[in-house]
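So the structure is just underneath, and the comments pick up after that.
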Amino acid sequence: MATDIMTRDDVTALVIAAKKRKKLSWEGIAEEVGMSPIWTHMVATGMGAAPKEKAEILGRLLDLPEAAVAELQECPSKDWNRDIPTDPCIYRLYEIAGVFGPSFKAMVHEKFGDGIMSAIDFDMSVSRVEDPKGDRVKVEMTGKFLAYKAW
Amino acid sequence: MATDIMTRDDVTALVIAAKKRKKLSWEGIAEEVGMSPIWTHMVATGMGAAPKEKAEILGRLLDLPEAAVAELQECPSKDWNRDIPTDPCIYRLYEIAGVFGPSFKAMVHEKFGDGIMSAIDFDMSVSRVEDPKGDRVKVEMTGKFLAYKAW
Amino acid sequence: MATDIMTRDDVTALVIAAKKRKKLSWEGIAEEVGMSPIWTHMVATGMGAAPKEKAEILGRLLDLPEAAVAELQECPSKDWNRDIPTDPCIYRLYEIAGVFGPSFKAMVHEKFGDGIMSAIDFDMSVSRVEDPKGDRVKVEMTGKFLAYKAW
Amino acid sequence: MATDIMTRDDVTALVIAAKKRKKLSWEGIAEEVGMSPIWTHMVATGMGAAPKEKAEILGRLLDLPEAAVAELQECPSKDWNRDIPTDPCIYRLYEIAGVFGPSFKAMVHEKFGDGIMSAIDFDMSVSRVEDPKGDRVKVEMTGKFLAYKAW
Amino acid sequence: MATDIMTRDDVTALVIAAKKRKKLSWEGIAEEVGMSPIWTHMVATGMGAAPKEKAEILGRLLDLPEAAVAELQECPSKDWNRDIPTDPCIYRLYEIAGVFGPSFKAMVHEKFGDGIMSAIDFDMSVSRVEDPKGDRVKVEMTGKFLAYKAW
Amino acid sequence: MATDIMTRDDVTALVIAAKKRKKLSWEGIAEEVGMSPIWTHMVATGMGAAPKEKAEILGRLLDLPEAAVAELQECPSKDWNRDIPTDPCIYRLYEIAGVFGPSFKAMVHEKFGDGIMSAIDFDMSVSRVEDPKGDRVKVEMTGKFLAYKAW
Amino acid sequence: MATDIMTRDDVTALVIAAKKRKKLSWEGIAEEVGMSPIWTHMVATGMGAAPKEKAEILGRLLDLPEAAVAELQECPSKDWNRDIPTDPCIYRLYEIAGVFGPSFKAMVHEKFGDGIMSAIDFDMSVSRVEDPKGDRVKVEMTGKFLAYKAW
Amino acid sequence: MATDIMTRDDVTALVIAAKKRKKLSWEGIAEEVGMSPIWTHMVATGMGAAPKEKAEILGRLLDLPEAAVAELQECPSKDWNRDIPTDPCIYRLYEIAGVFGPSFKAMVHEKFGDGIMSAIDFDMSVSRVEDPKGDRVKVEMTGKFLAYKAW
Amino acid sequence: MATDIMTRDDVTALVIAAKKRKKLSWEGIAEEVGMSPIWTHMVATGMGAAPKEKAEILGRLLDLPEAAVAELQECPSKDWNRDIPTDPCIYRLYEIAGVFGPSFKAMVHEKFGDGIMSAIDFDMSVSRVEDPKGDRVKVEMTGKFLAYKAW
Amino acid sequence: MATDIMTRDDVTALVIAAKKRKKLSWEGIAEEVGMSPIWTHMVATGMGAAPKEKAEILGRLLDLPEAAVAELQECPSKDWNRDIPTDPCIYRLYEIAGVFGPSFKAMVHEKFGDGIMSAIDFDMSVSRVEDPKGDRVKVEMTGKFLAYKAW
């Protein structure tokens, strides 16, 4: 059945095609948008809503149709695979969460008490650190601490 | 059937009991051991092997029997739950890996090419960052980049 | 292997046994503790950490040993069954989340934008509403809205 | 194979497209329909059957074809994902059911005896509560208590 | 850790042991209790709460200790295996639900509209029907129809 | 790739479309076919093979093409979802099998010995029973008892 | 809690211990019992009920206590692992069912029509066939054909 | 994207369509091919590679295009559903493997030692056995015994 | 929605079609590319990124369009089935990992200490070894040892 | 219930305890037994049956009781976790099977035709290869090729 809906997956496909055609990098796109590369990639590939102004920059930069620019501003369904992914690059993040997660939890409770690090009021960056024994990937994250309410 | 084996779970139980009895913190234990708090917690609770010297410090600090000190030096089976855990504090790490994992992968490939961030040649820290809008949990990780071999 | 650890499950068993022996209700216990019945039940059965003062009231009321009172103040591992439970009374909560969850999400985004209702900075109550066609269970919840950070 | 069937998913797609095109809100649609926003969203997106009169209002408001108006009156298969969803906004409802579900069950049995809160003879609302420490999402539900029959 | 709690599983084990020792049948026990065999078996093996009077008859009949008689009156957690069981006798019930379930749903909606057959306000019996081609098992169930509320 | 095969799902879609277009009920169709409503619905929607004569009545009644009438006579793959379905109307059948299944098994063995109720040599009906406290759904099933062979 | 119940698993453990101690083979036990080896093994290890006479022979042969002989006559819960087992010897049976199952189904329907081979009114044998290219395992099964009832 | 590949599923669909159109039986096809019905069905529906000569007979008999005849000679990916299928006719094979598998394993080890019955060097037949109490399905299999290597 | 994206799956389909059409073997393709057959197959079917020069050789050899040659140089998402595959040829690799994996781990730790064999800095070959008792498949792998970092 | 059975897990625990107490290595044990280290570890930890002579050497070397020596000669149930293990050292073997498995299958079929590498008539070794860029783990396996039978 033909409809006039452009889904978020359609937008993501348009974004990736334009990025290849124009030989852009995510860092370059992020600089144009004026946001960090992780946030920019996440929003451009369907895991977050862009403010109007940022959606319009993406639209101009990537020649997106108006419907795609509108769709970028919708709150998407942030579905991710609840089975642990097998792509080796992403899997290692889960192995880290599995092996080091209990130690992370112990540190959070020792420093803050009962509560969590927010995954919503949250930011993250990835950078390259030179090292004579082999360069390293550096990941930095901060998330607001949220204490359990008692009532 | 009675045996003379002390399992790693037995050692972990002894460690946690001694830490409570002696009112120690993980940061304090780590300082005595001369290693980081995350590494110290991980090894003391069964996710890694301790060098002989570090195992002996843990043994003295926590009054562990000789068999426990020996067990701490064995390479454990680092089993973690392949179902995503439900404890809210640990779950958020998986939600981050789910929501931001594809963006992490895009950054790694853009900066390094086809390969991964090692979860073995890897380190991690957790700290508290003061913030007037609510203090934040900060997580820093570095892992060696490993490129896929071509042959 | 004998240890001096009292686990959280041991504390829960002691709490339930004392409640039966003393013929107390959760509402009655909550009133003594000075907190709501849901919070009191949750903490007393191992899903949250009690402030020292509240743990001590629970200890006096239920004749708990000192180790149990200490354990009530620890941040527990809040593990719940990631398979949807089959007990019909609890299952209905999941059926509600399944059938009405997308409508809930649409309302949250329409009223607040991209973000979530916190399950940490959160409270909840259950009450009985008389109704000539059959009394009703009333559930009220409030949770802080958390907006996704952009950076 | 071409058939003259319009599925419920087709109707949902038409509804969402029309809502965007006409820049309507769910609250606005609900007001026109004369029902609550949650019920209206649920029925319009395929989780319930609409009475003839309500289906026709939806049809006029959203320019739906006659087949769609007829389909809205059919009893749909209310399938929801029995794996816990990963979208963070919906996931928090399940985390609440997991962490607080046993306390909910204890309250229901303490106030009513052996039985359940119906998820069928049930209503629900979502509203925004202003709060100087950050506005809160408020959820209210009532469901008829059903006692287990003994025979 | 020793406690004074008798769990529901303990009660079930006592019930089955007494039934064997006294060479009773479920039909005979049900007759003494004055209820149907299905209800009696279900309650005596932990899937429902017994009224005080019925619990006491079961106690006298099966020589149960006082704590067991009290436990029979508690609202149990009616946990059943959400994986389809493999015991061939029980599996066939699920195969029937799988093969004939959609036909059952079509009949309910055709006769009643949008709603369900209650599994709470529900009764069931099993009997033997003589048949020259081989005797048949007959199952009869009735459950109250519950219509979806519109609000 | 175009082929001359009409699958069973194609036939089911044709059946449902014709039923709507001609405003028939399952009871009405069954009466024409001269079989029970449950059997008729099951066969017409792909869970069983129809004898030639019954397939031809269905074909005439619903204007099915010859290929569909032929396909109705094939033995279908009776696949059903081995995950328990979430549609509330069908789910309740599984909840009944879960909560009351062990009691059903106990009755079968008490009345017949080791064996099962057949789900193949089996029949079932659904009817409406008036009741001043709310009408009830009545389900009746009989299945041949099959004893385990000993050899 | 101490009870006077001997479970079926206890009986199986007794059977296997006695078989080793007395250096018996399953073929030898079956000959004493006067039944086939497969049936004898199945019943003696908890997958079926033995007639009184056969249970008593097993009891005498294996020095089982009276409670075990009684338990052998009960209808057991024939639970098997619904996850496909990994033991290579048993796994191959499932691989055969997976690879050749659809061909088996096609043959059954071609020779009998819509129905199944009973797994209840069923027998099976395993034997060794000499072959110069390597001896072969031979498995023979027969099960009663059951036709789907139409009503 | 259009390609010149004919997949194995395309071939299977062509085979089944031709078999219906020409009103052939699997026994008849197998006779023409000069192989057993089970092997013929398995290879013709994508679970094995056919030798050139047999593929060509199938091609002539069923009017298959050249690309299909070539595809029949490829080694297919023999994927089968690792979840136990629910079609009742095939399910019974798994129930047999579940209930009788441990007895099968005991017989293999008693007669041959540590090893398995091959599912590769394997053959199987299905036949109809007349029986006054109801005809029976007979299944015969032989597989080469493979002993575990010690080195 | 039409886009100008050629996915990796499209490239794989083109590769396999060309290989059949040109009657090439993987060994022959690998020789042209100047790399090992395993690496060549892996990259050509979407499990790795090819250096520009190798992608261009593949393009010329298999008449791939320019977009496919570009796609071969992208870092793919190396997704593999986290459920153990059922194809018998591949399944045996998993059975080996299951049965012999713990012995592999013991050897690695005995020879190297706590760490792993890399699956990234890794190579592998498959060859045929003649043997009078039946030819054998030989698999050789080497992977860099990675020691757990302590910090 | 006390029995005279020593399970295979009991034997494994005895073996590991004796190895630690006597400070033996698997290579040293294997040399005494006169077999390879992988085979020796596998049999000594419960994944295979030992010939009488080898079991007796193990018994003398590790001071095992007579019942353990007898148990080592039984054919064990070689159960392994059908969920992919999370221990990083073992997981990498599965990642290799996932990423390189299809390439392995292509090589086997190109060199041998339709069939598999046996995991039963199979051997394996692990060794350390010095390398200036970091030492490597080398794994070698051979398994008999088994061709699919046609009949």
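In order of appearance the chains are A, B, C, D, E, F, G, H, I and J, and numbering begins at 1 in each one.
The rule is simple: a contact is a pair of C-beta atoms (placed from the backbone, for glycine too) under 8 Å apart; a residue touches a chain by one contact, two chains touch by 3 or more.
Here's who's who by UniProt: A, B, C, D, E, F, G, H, I, J = Cyanate hydratase.
Small disclaimer: the values here were computed from a predicted structure and weren't measured.
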Third chains touching both subunit F (Cyanate hydratase) and subunit B (Cyanate hydratase): C, D
Chain separated most widely from subunit D (Cyanate hydratase), comparing mean CA positions: J
Rotation in the CA alignment of subunit D (Cyanate hydratase) with subunit I (Cyanate hydratase), degrees, nearest 5: 145
Which of G-H and A-C has more C-beta pairs touching across its chains: G-H
Subunit H (Cyanate hydratase) and subunit I (Cyanate hydratase), separation of their C-alpha mean positions in angstrom: 29
Where subunit I (Cyanate hydratase) and subunit J (Cyanate hydratase) are represented by their mean Cα positions, the distance between them in whole Å: 25
Two or more partner chains touched - positions in subunit E (Cyanate hydratase): 75, 77-78, 80-82, 84-89, 95, 98-99, 105, 109, 115-116, 118-122
Touch relationships between chains, expressed as pairs: A-B, A-C, A-D, A-I, A-J, B-C, B-D, B-I, B-J, C-D, C-E, C-F, D-E, D-F, E-F, E-G, E-H, F-G, F-H, G-H, G-I, G-J, H-I, H-J, I-J
Residues on subunit C (Cyanate hydratase) engaged by subunit F (Cyanate hydratase) in the complex (per definition of touch): 86, 88, 91, 95, 98-99
In the complex with subunit J (Cyanate hydratase), residue positions of subunit H (Cyanate hydratase) that touch it: 35-36, 39, 48-49, 51, 54, 75, 77, 105, 109, 113-116, 118, 120-123, 146-151
For the subunit G (Cyanate hydratase) and subunit J (Cyanate hydratase) complex, residues of the former touching the latter: 6, 10, 13-14, 16-17, 20-21, 83-89
Sites on subunit C (Cyanate hydratase) touched by subunit D (Cyanate hydratase) in the complex: 25-27, 37-38, 41-42, 45, 47, 78, 80-82, 84-85, 87-90, 92-112, 115-119, 121-122, 124, 126-129, 131, 133-145
In the complex, subunit F (Cyanate hydratase) residues that touch subunit H (Cyanate hydratase): 1, 3-5, 70, 75, 77-82, 119-120
